[in-house]
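Shared between the two complexes below is chain A, which has chain B as its partner in the first and chain C in the second.
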Partner chain A sequence: MSNKSVLDVLTHSPGTSIGVFLVAIHLLSALFGFLFVPYGPTELAGVSLLAPGSPGFSLGTDVIGRDYLTRLVLGGRTSIFVAMLGVMIAVVSGGLIGVSAAYIGGFYDDVIMRLVDIKLSIPGILFVALCVVGFGRSIPVLTIVIAINYMPGALRIIRSQAMTQVPLDYVKSARLRGDSKLSVIVRELCPNVLEVVVVEFAIRTSSAILAVSALSFLGLGISPPTPDWGLMVYEGIQQIYFAPWLVLFPAFLISTLVIGLNFATDGLANALGLDAARGLD
Partner chain B sequence: MYSEKKNFEKNQINQPASGITRRNFAIGAGAGFVSLSLSNLLFSSLSMAAQPKKGGKLVYAGSYLNSKHKSLKNAKHPYYGIEIRTRNTYNALTWVDEELNVVPEIATDWESNQGQDVWEVTIREDVKFHDGRPLTVEDVIASYNLHKDKKLGTSFVKKLVDKIEKVSTNKVRFFLKSPSSEFAWNLAEYRQAIMPAAPLDEMGFLGIGSGPYKFAKIDVGRRVIYEANEDYWGKGPYLDTLECVNLPGTNPLNGYLSGQFDVLAAVDPSLINQLSATPNTKIDIAKAGDQIMMVLPKYEGSPFMDKRVRQALTLALDREAIIRIVFGGKTGWASNDTHMAPFNEDFLAKEPRNIPKAKQLLAEAGFENGITLPTFYYAPYVPEITRVLSVAAESVKEAGITMKIEERPMAGYRKWRVENKEKTTKHRFAMGPVGPRNPAMNLFRMARPTYNESGYWHPSAEGDRYIELYEKAMRTGDPIARRNIYHDMQRILQNDVPAIFLTGRRETIAFRSNVHGLKAHSQHWSLRFNEVWKS
Partner chain C sequence: MPLAWMPLEALTEEIMDLLNVKNLSVGYYDRFKQIVPAVNDVSFQLQQGETLGIVGESGCGKSTLARALMGYCRPGSLIMDGEVRINNLNILQMNSLELLKLRGERIAMVPQNPLSSLTYHIKVGPQVDEILRIHQGMDSRSARNHTLELFSGTNLTDPELIYDRYPHEISGGQRQRVVIAGALACQPAIMILDEPTTALDTTTEMQVLQLVKELRKKRNMALVYITHDLTLTDYICEDVLVMLNGSVVEKGSVKRIFKVPQTDYAKMLISSIPRVDSENGSSSFRLLVPDREPLLSVKNLKFRYGRHGSLFATFKPKKEPFVVNNVSFDLERSETVGLVGESGSGKSTIANIICGLLSATSGDINFDRQSINKAGEKRSLDLRRRIQIIFQDPLSSLNPRHRIETILSRPLKIFFGLKGRVARDRMVELLESMELVPDHLSRFPRQLSGGQQQRIAIACAFAAKPDLILCDEVTSALDVSVQAKVLELLKAIQTKTGVACVFISHDLGVVKQVANRVIVLQKGVVAEAGFTKDVFAKPKDEYTQLLLAAASRQNDAPIPIHNLGDIQI
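This part shows the complex of A and B:
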C-alpha cells in the first residue's frame, strides 16, 4: 500500500483519527507539558486535598499539597518513556532474532522458539514484578524488564512474517548472488517485515503502558515522588471515599492514552493491510 | 410528639380559671407518666454506659503483620503473634499503660539492690493459666530461662539477664549481666510472656497464657479468633469473642467503612478528619507511636563517613513541614535524632532546621554545589511513610541535597537492607521503624556499636563516651541524676548524628461508638482489650 493510501485510511477513519488525536495530545503533553505547568511536580505548593477548582489549583492538590494538574500533566512522561523505549528494544531485538531464526532455521530456530515458549509460559506481570523486586525499581531496570517481557511475543510474530518471505525469489536471488547471511537478513528480509514491526510496536506499547501503570499501582513500578499515573491511582486509593478525583483523573488519562493507542494501531494495521485484531501473544 | 405537645398547650390555654378538670388531670397524669418513663429510660442508658456489658464479638483490623507469623506450628507462640499483640493471650511481669507508666501485671512489686544488678520481683498468687493450672514462681523462672536462652530467647533478655532464681513461693530474683536501673520496663516487653513451665524447645507453642483471651482459631498471617478467658485474674474480659484481622493496604479501611470491622488500627493520618465525620465513629489518639529512623551507613566510600554530611542532612530536613503536611499538625511529632520520644520527660529537643548552616557544612565537606545521596530505601511500615519521605526529600533540596527515595516490599525488607550479612556495617541507606519506649531502653539501642538497626557507630571517641555514659546511667538509681546523664547522651547523638530520626506518629485508632473501654496506645503492641465492651 502506498504512503498516500496509508495516510488516507488514517485520516478517513473516525476511530483512527480519534486515536491519533489522543496519542498526539498525550505525547505533546509528555514532551512539552513541563513548559506550561504552574508548579514543580514535587513542589509542596499548597495545603493538602484541595478540591478541583480551588484558587491557584485548577485540579486541586494531592494529599501532601502538590499541584494535581502539574502531576497529571507530567505523570505520563515516565510511563510513556519506559513503555516506548522498552517496547522499542523488544521489537528491534525480537525482530532481528526472529528474522534470523526464520532464515537460518534448523537447530538455531528450534532453540530460539523453545526459549520463546518458556518465556511465554510465565505470566508477564508476574515476571516483571519479580524482576523489579529482585533488581530494584529504577527506570533502567523497568525498561530492560519491559523489553525482555515483550520481546518473545514480538519475536514470534515477526518470525512468522519472515517465514513467508524466506521462500520468495528475491531472497533466493540474494543468496545465489553470494550475499552473506547477515546481509540477507538485514538488507533483504528486515525491510520486508518492517510493517509488522511497526504494528507490533504500537500494539505492545499500549500494553506496556498498562503494565507500567499496573506495576506502579502495585507499588513495584516508578518510585515516589516521581509523578506517575499508576502511582497516583495507588496514592489516591486511600482517599477514594473522600477525594475520588485523586483516582479518577489519572485513571481517565491512562484510559484515554491506551484507547487512543489501540484505535490508532487498528487504523495503522488496516492501512498496512495487516490484522491487528489477532491480539497479543 | 409535636402534636401531643401542641394539644397540651392548647388545653392549658382553654382550661377554666378555677380547679382542675378531669380531662386536664388525665392529661397531666399521662404527661407525668411519659416524663417519668423517659427519664427512667435515659438514666438507665446512662448507667448502662458506665456499666460494662458482657458478651458480643469485636473485630479489629490492622496492617501490622508480624513477619514471623508464618505457620500454624508457631502462630500461638508469643514471639510469633500475628501482630505482636501478645497481650490478648499472655501476661508479662509488667505492663506499660496508655500514659506510658510501667505498672504491675503478673508482678506486684519490684526492687533492686544498690548496684542495680539484682532485682527481686514479687508475683501475684491468684493467677491461673488458660488450662486451669495456677501460675507459680517456677513458671516465671522457666519463662525467663527461655527468654534468656542464647538460641531461642529475646534480644533484651539475652543481653541483660544472667540468672533467675526462686526466693520464696511468690518471689523471684534476677541477676543481671550488667546493671539496669530501669529493669521494670524491660519486663514489660511484648515477647517476655509468662508461660507454663516446660522443656525450652516446647514452651509457648500451645498458646497457653494467663491473659484475658484464649486462642480459638488461627488463619495464619490473616486472622486470629480469641475467646474469653472466664478465669482471668484482672478486670474483664467482657467480650465473648475477639477477632484480629490483618490485611494489607486499604483493606482495613474498606472493611471498617463497610461495617465489617469494629476497630481500625494504625489509622492513616490523612484519614483522621474524614473518619471523624463518619457516623458512629470515635477516634482516639495516643501520646506517641513509631518513629522513622534513617540508618546512615558508615563504610569506606559512603558519604556518611563524614560527620558534616550527616549534620547537614539533619539540619536540612524540615520536620515541622512533615508534621504540618502529613500529620495535619496533630498526630505527628519531631524526633530529636535519638530513639527518644517527646513523652519521655528526658527528651531533649534538637537544634531547629538551619539551611545556611547545612550548606556551610556541606561546603566544608567539599560539596559546595550540593550532594546527591545514595537512594534511600523504605518499606511501608506505616501508611503515611511515602508522604513523610516525599516531604523530607523535597525539604532537603533547599540545602542542595538530592535524596532519591525508593519503596521496597515489606516481605524480606529487614534482611535485605543489610547488604553484607557478615558485616553489619555494610548497611543500605534505609529506614527502620522504632517503637517508643522509656529512655533506658531507647538509649540502650544506640549503645551497641554493631547493632545494625540502631544506626551504629563508626569506631569513634564519641561512641565510646556514649557507651560509658549509658553504663553509668544504668548504675545510677536516682532518677534525677539519671536524667542528666540521659541529656548528655542525647547531646552526643545530636552532635555526632550516627543516625537520623525523622518524625514519629501518634498511634491512632478509629472505632464504632458502641465500643467502650478502648484506648489507643503509643506502643501498638501493648494495646489491651480486657476492659473493652460493646453496648
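This part shows the complex of A and C:
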C-alpha cells in the first residue's frame, strides 16, 4: 500500500466514491449535526403530527410534537456509536486472539476454534436479544453484546489470514532470535493482517448498524426518548396510514448508511485485496 | 531440384520464413500512464526445425516477447511497433477468432509453472481432450485415444492411470509432460517454451529437456526456448538471442557465443555460471587451516514428523517415515560443508534441526562441546546468537511491513542491546559490507530487488556475529548474475569473520564453488560424503553420479532414462 495514497483507494471505482460520500455525510451529520438543528431532540416544540413543510418545522413533527428534522439528524448518532465501538472491540480482541491462535496453534487453537464454532451456531439476533433481556437495556450492555456477537466471525477470518503468514521465514527468524510469543504476535504478525482487520471492521460495522436498528425497532435496543432511526420507525409504524413519512425518512437514512458502508467496504476490500494478491502493495 | 522448376506455391513456401519478427517493441503502462518499453526493437527469423534460445535475467522482457509471439498482450501492455509474421501472416493484425485458430494449431506455448497452467479441479486427461475437441473437432472417444497416444509420446508411464489423475496428484515432472502433450496436441509448427523447467529439480529437468529435444527432432518443429540459464540453451538450441533490458545485445549460434562472447554482458553471463566441471573449482571459499576440534558435530540424527498438539492427533496412530535417517557429520571452525540433494532429501530439515526450529526425533547434536538437542526456544541467548540461518526466499524472510531499519535493528537490540546512534552506525557498517547504501534503511523489502533483499537477509544474520551460519538454498531464488554477486559477498564476509557454514543447495555448481566438503543426501540418508574435489572427480555412489551427470548438461551427456526410474520425479 505504500505507493498508493489513501485517496487512490477511496476513489477506486465510482461505487466506492458513492459509498465513501454517503458514509462521510452520515458521519459528519452524526458528529456535527447538533450544531445546526433548530430544536432539542426531546423538546416538545410544536403541535403533534405536523406535515412536512409546515412553517418552522420543515419535516413536520412526530406524534408528541417533537421536531422531526432534529430527531432525524441526531437519530443515527447512538446506533453508529454503539455499532462502531462494539465492532472495534470485536475486531481488535478477535484479531489478537485469532493471530495468537494461528501462531501458537495446537490445543489452544483447537479450543478457541471450537468455541468460535459454538458461538457461530447461535443465531446472532437471538443471542443479542437474549443478552439484552438478561442484562438490561442500556448502551454499555448493547455495545458489549455487539462486540461479543461479532468477535467470532472476525476472529476466524483474521486467524486464516495470520495462518498464511505464520509459516513464512520472517516469523521463524523472530522465533530463533528469541522473541517472546507476544512480541512475535504484536510486532511481526499483526502488521501483516492489518488490511484484513480494516476490511473486517468496515463490513461488520454496516451489519451491526442494521442489527442495532432492528433491535431498537423490536424494543430491545436504544430506549426512548433518545432519538434513534430504528426506534423512530417503530414509533411511526402506528401512524403509517396518515403520516407515512414518519417511517419512510428514518428507513431511508438507515438504508443509505448501510448501502454507503457496503459500497465503500467493497471498494476498499478490492483495492487492498487485489493489490495484495498481485504483490504490488 | 532447380528453383525454376518448382511450382509457384512451393517456391514461395521455400522463401517464406516460418516465423519472422521485425522490429517488435512492447511496452507497459506505468502508474503515470506512460509507456515504458519492455521489449525494444527485436527482430529475428525462424525456419522450420530450427531452435532459438532467448536468454536473459528476469525482467529483461523475454516472457513478454514470448507472449507477443502468440499475439497476446498482458493487460496494461501494448504492442508499440513492429510485426510478427507466421507464414507471412501478420498475427498482430488478426482478430481474436483468427488468433484462436492460430494458437495451438500453428504455435503453442509451454508456460513456466505447470501447476498453475493446469486447471486444479479437472482431471489432466480431459484437459488435453478439450484442446483436441475444440481445435480438431474430435468426438470424445477419439479425443481420449489421441490424448493417451500423446501421453505415451511424452514418455508418461502408464497414460491410462495418469489420464484420470488431478494435477495435484502427479509430480512436477509429470505435470510438465502433460502440459507439453497439450501443446503438441494439434501438431503446431512452432513451440514456445517459457522457462519450462525452472520449477523442477535437476534430474527431472534433464528428463524433460531430453524429451523436448527428442520431440523436436521427431516432429521437425521450430522451437523458441526461453530461459535465464545459458547452459540450457547450449543443450537444446542452435541459435541464441541474449537479451538485456528489453533489447537484443547479442545474437548468434550458441557454440560461438560460448566460445567468443562479444558483448560484456554475454561474457558476464557465461562467467557467472557455476560449473560442475570447471578445473579450478574456486578455492577462495576454502579457508585457513581448520581447527582440530569440531565446532558442530551431528551424530545419528533421525527425524520424522509427529502428529502432536492436535486434539485429534490420538486418532491417527500411523507413524510417519523418517525424513532424516541416521545422518552424522562434523563441521570444523571456518569450514564450509555443502549439503546436496534433490528436493525432499531432508537437507532443509537438518538445517532446521540445527538452528532449533525442529527437534530431532533421536540423535545427538553438539555445538562447541555443548549439547543442543533442545528446541530453539529453550536455548540460551548466546547459543541462539551463535547459530544463524539464512533462508531461501528473501521476500518471505523479511517482514514485508517493516522497514529495513526495523528488521536490522532487532538482532542488534536483542543480542547486543544496541540502540539509537550506535545501532545505526552498526547497521550502516553491515549494509556497506553487503555493498548496500544507508539509503536502503528506510525502504520496505518489496522496494528492493531480489538480490538486495537476500543481501539484507545475510546482513541480518551476520548482525548477530555468529559462529555458525546455515545457508538454506540462499541463491536458488536469484538469477545467475545476481547469484554470483551474492555468493561473492557471502564469501567475503565469511572470510572476514571466519564463521563456519553449512551450505545447502540443490545446485551442484554452486556447492562446488563454496564448499570444502560435501554430503550428498538421498531420501534422508547420506549417500556419499567427502572432500568436494574427490566427490566431484570420482563419485562413488550411483546416485551422486546421476546428480552430477544431470548437473553437467554442459557435456551434453545423455542420461539413460531407465536409470532415473527409481528416483522420485
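Operating definition for what follows: the second predicted complex is superposed on the first by the 266 of 281 C-alpha atoms of A that agree within 3 Å, B and C clash if a C-alpha of one lies under 4 Å from a C-alpha of the other, contacts with A are read in each partner's own complex, and residues count from 1 in each chain.
Definition applied: contacts are C-beta pairs under 8 Å (C-beta built on N, C-alpha and C of every residue); 3 or more make two chains touch, one makes a residue touch a chain.
None of these values were measured; they are calculated from a predicted model.
Novice: Answer with first, second, both or neither: which of chain B and chain C does A:L176 touch in the superposed model?
Specialist: second
Novice: Which of the two partners, first being chain B and second being chain C, lies in contact with A:G134: first, second, both, or neither?
Specialist: A:G134: touches no partner chain.
Novice: Under the stated touch criterion, which partner chain does A:E188 make contact with: chain B (first), chain C (second), both, or neither?
Specialist: After superposition on chain A, A:E188 lies in contact with chain C alone.
Novice: Touching A:L168 in the superposition: chain B (first), chain C (second), both, neither?
Specialist: Only chain C is touched by A:L168; chain B is not.
Novice: Under the definition above, what is the set of chain A residues touching chain B in their complex?
Specialist: Residues 42-44, 47-49, 63-65, 133, 136-138, 219-220, 223-225, 235, 237-242.
Novice: Within their complex, state which residues of chain A touch chain C.
Specialist: For chain A paired with chain C, touching residues are 2-3, 105-107, 110, 168-170, 172-179, 188, 191-192, 194, 279, 281.
Novice: Can you tell me which positions in chain C touch chain A when the two form their complex?
Specialist: That would be residues 31, 308-311, 355-357, 376-377, 381, 384-385, 388-389, 391-393, 396-402, 410-411, 414-415, 444, 446-447, 460, 464 of chain C.
Novice: So in the complex, which bits of chain B are touching chain A?
Specialist: Residues in contact with chain A: 249-250, 253, 257, 268, 270-271, 274, 321, 325-326, 328, 380, 383, 386-387, 389-391, 393-394, 404-407, 409.
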